[in-house]
Structures are given as C-alpha cells and as structure tokens.
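Sharing a structure below in structure tokens format, with a few things to ask.
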Amino acid sequence: MAERTFWTELWNAKWALLNGIAITTELSAYVVVASTILGLLGGLVLVYGWRPAALLVRLYVDVMRGIPVLVLILFWYYGLALFKINIPAFWAGVIALAGFATAHMSEIVRGAIQSVPAGQSEAAKAIGLRFWQRLRYVILPQATRRVLPPWVNTAVEMVKATTLLSIIGVVELLLATQQTIARNYMVIQFYLAATLLYFVLNFAISRLGALLERRFAYMRY
Amino acid sequence: MLAYNFNWDVIWRQWPTIIEALLLGIGLAVASLAIGCIIGILCAFGRVSRHKWLDWAIWSYVEFIRNTPLLLLIFFVYFGLPQMGIRAFDKIESFILTLSLYAGAYMCEVFRAGLASIPNQYVEAAKAIGLRPWQRQLYVVLPVMFRITLPSISNTLISLFKDTSLAAAIAVPELTFTARQINANTFRVMEAWLTASALYLATSYAIAWVLRLVERRYSVIR
Amino acid sequence: MQNHMKPNATSAATGAMPLLRAVDVHKSYDRLEVLKGISMDVEQGEVLALIGASGSGKTTFLRCINLLEEFQQGEIDLDGEPIGYRMTGGRRRKIPEAALSAQRARIGMVFQSFNLFPHMTAEQNVMLGLTKVRGKPAAEARDIARHWLERVGLAERRGHYPFQLSGGQQQRVAIARAVAMEPRLVLFDEVTSALDPELVAEVLGVMQDLARSGMTMIVVSHEMLFVREVASRVVFMDGGHVVAQGPPQELFRDPESERLRSFLGRFHGVFS
C-alpha cells in the first residue's frame, strides 16, 4: 500500500470535501438571498410601517438578536421533531439561519434608510413623486450605499454560521472535514485545509463588497 | 397534533444546574474579553507602529480569524493542539484560549479605529505640558481610547456571551449544553429551549443595560 | 396700503380667482402654535416675499403650501382646489397619496439646503420628475432639462454629480429642477442662506430672471435688497401672524407697525 500523506488523503477525500463546499455555498446563498429580501421588507416596516406592525417587527428583531444562533437552530430543529414536522435538516437549517439573519438585515436596512437626510425625501415629494417612486428612485439608491458594508459583514457571518448546522447533521464543509478526519486522524492538516477554504470564500465576499462600494463612491453630499 | 402540555417541573429541579451553566457562560465571555482586550491593544499599537512586517503579521491574524468560523477554530484548538503535543489545556481552558484569540482580532480593529479617532489636540496638549511618550500613552491616549471604544467593547461582550453557546460542541457544561441535556434526557423540548432562550435574552439585555450605565459614567463630552 | 390679516383686495375687486388663497391657516407642533391664522392671496405672476425674524412662521407656512407640514385648521387653495385636505362627511381628511402628489407636482419648491439627489447628475436630477411624474419620454425630458440648465447657466455642467458642483451651482440646478416641471407656483425657502456670500448673486440673478419672465413665486428671504428690487408685494410675519403687507417701496419707506420697524432696523444701511 502506498504511503499515507496529506496529499493522498486529500485526493481520497476530494469528493466529500467538494460536496461539503457545495453544500456550504448553497446554504449561504439561500440564507443571504432570503434574509436580504425579508430584511428589506422588515426594514421598510420598521421605518414606514403601520405602528403595531412596526412594533411587532421590532420585537422580533430584538428577540432574535439577543439569543445565540446555535440555540435558535437547536430549538427550531428539536421543535420540528417534537411536532413531527418532517423537513430535511438542510431546509430546517436554512430557515433557522435566514430567520436569524433577517433580524440583522432589517436593522441594517432601517439604519440605512434613516441615514438618508430628510431633505431628500422632501425634495422628492416636492417634485410630485409618490411614496413608492420616492423609495425606488431617491431613498433606496442612497440607502444601498450605506447598506453595503454591514451587509457584507452579515453575509460573511452567515457563511461562518452555516458551520453550526453540522451540529444538526447537515454535511456541509465542516462536517465533511470532520468525517474525513475521523477516517485518517489528520486533525491539523484537514482543519487547516477547511480553514483555508472558508477564508477564500469569505475573503472573496469581502473583496466583492469593497468593489461594489467603490462603484457607489460617487454618491456624496 | 400540535397540542403540547407544558411541564416545568424538570426546569425547577434542574434550576441550580441551569444557573451554574449560565454563570459559567458569563465567566467564559468575561475572561475571553479581558484576554482579548490585551491582545487587541497590543495588536492595535503594533499596527500603528510603522513596522511593515509587524503590521502585515497582525493584519494576517485579524483577517484569518475574522474569516474563519468560530466553531472550526474551537475544534481546531481543542483537537489540534493535543495532536501537536500540547496537552496543557482542559476543555474550558481550550475554549477560553480560542474565544480570546477570536475576541483579540475583533478588539484589535475596535482599538485601531479608537486610536485613529483620538483628536490630535489631546496628544499635542500632552506634549505641551511635557509628558513623555509613555506617559502620553498611559495618561492621555489609553483613557480617551477606552472611553471612545466603550460602546464597541460592550457590543463585543454581548456577542462573546452568545458565542459561548458554541462551547456546547466540545461538551463544556454551559447553558446550551445543559438545555440540550435536559432536552435529550427528559424530552421537555419546549421547556428546555424556552428557558435557555429567555436566560440568554435576559442576560444579553442585562449586560447591555449595565454597560450603558458604565458608558454614561465615563462618556466623553464631544 | 397695508392690510392686516385680510385677503388681498384686488381679486375681490376684479372677481377673478387668485392663484393661491390661504384662509385662516393654523399649525401647531404639539402644544406650540406656530401659525395663528394666516390668510393671504397670491395672484398669477406675482412675486411675494415673506419676511420676518426666524421663528416667525414664514418657512413653516411655505412648507404648509406644499404639505411638507400638515396644518390643523384652515384651508389653502391652489386654483380654487383645496390642497392636502378635503371635507368628507363633515370631517377634515388628508387626501390620498396620489392626489397629494399630483398637487405637489403643480407647486415647485427650492430648499435652503439644495437637496439635490446625490446619486444623479444635474441633468438626471431635472429629468426625474419629468419622466416619472409628468410621464414624458426620456428624450423629451432630456431636451427640457437641457433647456432649463442652459437657462440657469449650467449647460456645461449637466453631466456633473452634485458633489462636483459649487453651492451656487447646486442651487441653480435645484431651481431648474423645480421650474422644469412647469409649476403654477414656485416656493423659495431661504435659498441663499446656506451659500457663501460670493455665490449668492448668481442664484439671486436666476431668480430675478424667472420673476421677469412672469413666474409666480413665493420667496422667504433675508436678502432685503433683492426683496426690494424684485418682490411685487411683501408680507411681514411675526409670532405666527401676518402683521403687515404691501408693495416693498411703501412698506419699507414708512413702516406703520412697530414690530416691522424694529425688524427692518436690523438691516440698517439697506433702507437708509
């Protein structure tokens, strides 16, 4: 039998790890897209919503932000089992993480909208734009620029948070790595390899964010 | 089918264990914040020191930590160090080490921003009254930076406290681990997790409230 | 002639409807009443200057005309149509968003702080209302925008973003944005107050040009020389009331009201 080196083991584990990367990427993409859309709605309700609705969203945001994600995931996961609701761990995880991220995104969107000077909305009113037109053409384009840095942060946090789903058995990159380690006992090498992969993924998101920020840099007061 | 009968007896019976678990979590967070602040201050001064290689080394540390999942770091330190022949740490110490390194990277950025935002007049005034460089740091720069960064420090403490839940993954008996045990042993799913959630929520807001009082006491007039 | 809190007599005499008529407008923030019954008429082509100390309510009244501020009592009519509110079933209700926006589109407004949209070029700033509110095709809107930017002397700057323009240039773009909508009436809210002194003249010049072309304007201003030169009528407000009004020459030469006299005293040199 050939000598067991890190590289031969890596070669043996390539499909498991690639699959893990794919699952991690998929989870992250679903969570970020869903929480961005829901967070936009949440943020709009917080700023412009009917009072009771805004209070409800505020309560949701504050509760979600005060509880660790892992607790939310486990609560949600065991709760589903308790009520015999059978959905795959993958989707249970997406829902839990998206629910958590939505709270953060709502708060980010609220802050960004409120940071647009009141005069912008007044000027838009004065030329006769309606509420949705003011949002679409005046407020949201300016808010986008302010949303971007915290949005990128949250996206990176969510990629990192997908690792928590390994605890409920979603075979994402971390669990795939651990399963590999369980076979070959190369703890350091494979954890380092996984770290590197997460780093590449997150660093790419950060760079993309910085690039977008530069695209919006012409918006100044 | 969706009917569920609450039975809180289990929680009351386990109450001392639960509170102990909560206090352990708070202790883990505070210890990590303290060590993290020391790491952070050293790194922040290292980054403004104009030594290229030092700046680069610290930047790498910060970016590495910030882009790596905490859970992965926890496993890496807990399972990796013994394999490298370092067996000095039990699981609690190992977790504190990890969370401190994690906090250090975030605090480094907090302090760096704090240093950058100290008005230059303060330093000049300190020079003018004849303070020596280390005295300027000790009596002017650090106290001002501490006050400026206080809100960020309290935010970090709250997120570190929530991050202590990950210690459950290496069987540190903190709140999440305890809730999971109750869940597994008694099947009182709702009671266990509602209790844990409520305690986390209450503690997070209590920390925020206490630190806001501290902030008001030490806030800089600007 | 000085009328005290009474609509201008001219329209009553001719029987024609004034362009704008305010009747007994009251406005409070919580318990603080800032407008205590403002009434006035503005005729087509008139340049009305609102003067008074800060806190006199002149800016608040201006903002009520565009319903940027809500008012609790009274009525403001534009071409005989009440702005912002309607009586239905004996109760005063705000009109729906769409109707309100349509009314606002007929009233232009220029702000003290310019409020240009920072993510749009000068030309796009002017075009936005033309395309989205007036529904004009982009090509036509662009022609109109260019025409007005040329009129305010900024033909060369139409592709610039606001941060690339001086304060005076930004304010001229803002004026072009307001008048390009062909409003019935343009409101100017202390439009030179945020400008460096050397930039004030270029903005006042544009406003004078508009006044000469027959644009109906209501101007809140502290530029007394400009008011005396350009305004057809001056309204002096104090403490939420209209205290005195009349043509600038008469009003300034021989102020009957003690409060107006003391207010004008601050601008000594201008009127001596």
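General observations
Residue numbering begins at 1 within each chain, and the chains themselves are lettered A, B and C in the order written.
Everything below uses one rule, namely that contacts are C-beta pairs under 8 Å (C-beta built on N, C-alpha and C of every residue); 3 or more make two chains touch, one makes a residue touch a chain.
What you see is a predicted model, and the numbers here were worked out from it, not measured in a lab.
When every chain is reduced to the mean of its C-alpha atoms, the one closest to the centre of the whole protein set is A. Note: the chain lying farthest from subunit B is C, by mean C-alpha position. By C-beta contact pairs, the most connected chain pair is A-B.
Distance between subunit A and subunit B, defined via averaged C-alpha coordinates, is recorded as 21 Å. Taking the mean of the C-alpha atoms as each chain's centre, subunit B and subunit C sit 56 Å apart.
Distance between chain centres (mean CA atoms), subunit A to subunit C: 47 Å. In subunit B, no residue reaches two or more other chains under the touch definition. Residue ranges of subunit A in contact with subunit B, taken from their complex: 63, 65-72, 74-75, 78-79, 81-84, 156, 159-164, 166-167, 174, 178, 181, 187-188, 191-192, 194-195, 198-199, 202-203, 206.
Contact residues on subunit A toward subunit C in their complex (touch as defined above): 117, 119-120, 122-131, 133, 137-138, 141-142, 145, 218-221. Looking at the complex, you find that subunit B touches subunit A at residues 1-2, 4, 63-64, 66-73, 75-76, 79-80, 83-84, 162-166, 168-169, 176, 179-180, 183, 187, 189-190, 193-194, 196-197, 200-201, 204-205.
Across the complex, subunit C meets subunit A through its residues 66, 68, 97-98, 101-102, 104-109, 111, 113, 115-119, 128-129, 132-133, 161-163, 174, 177-178, 181.
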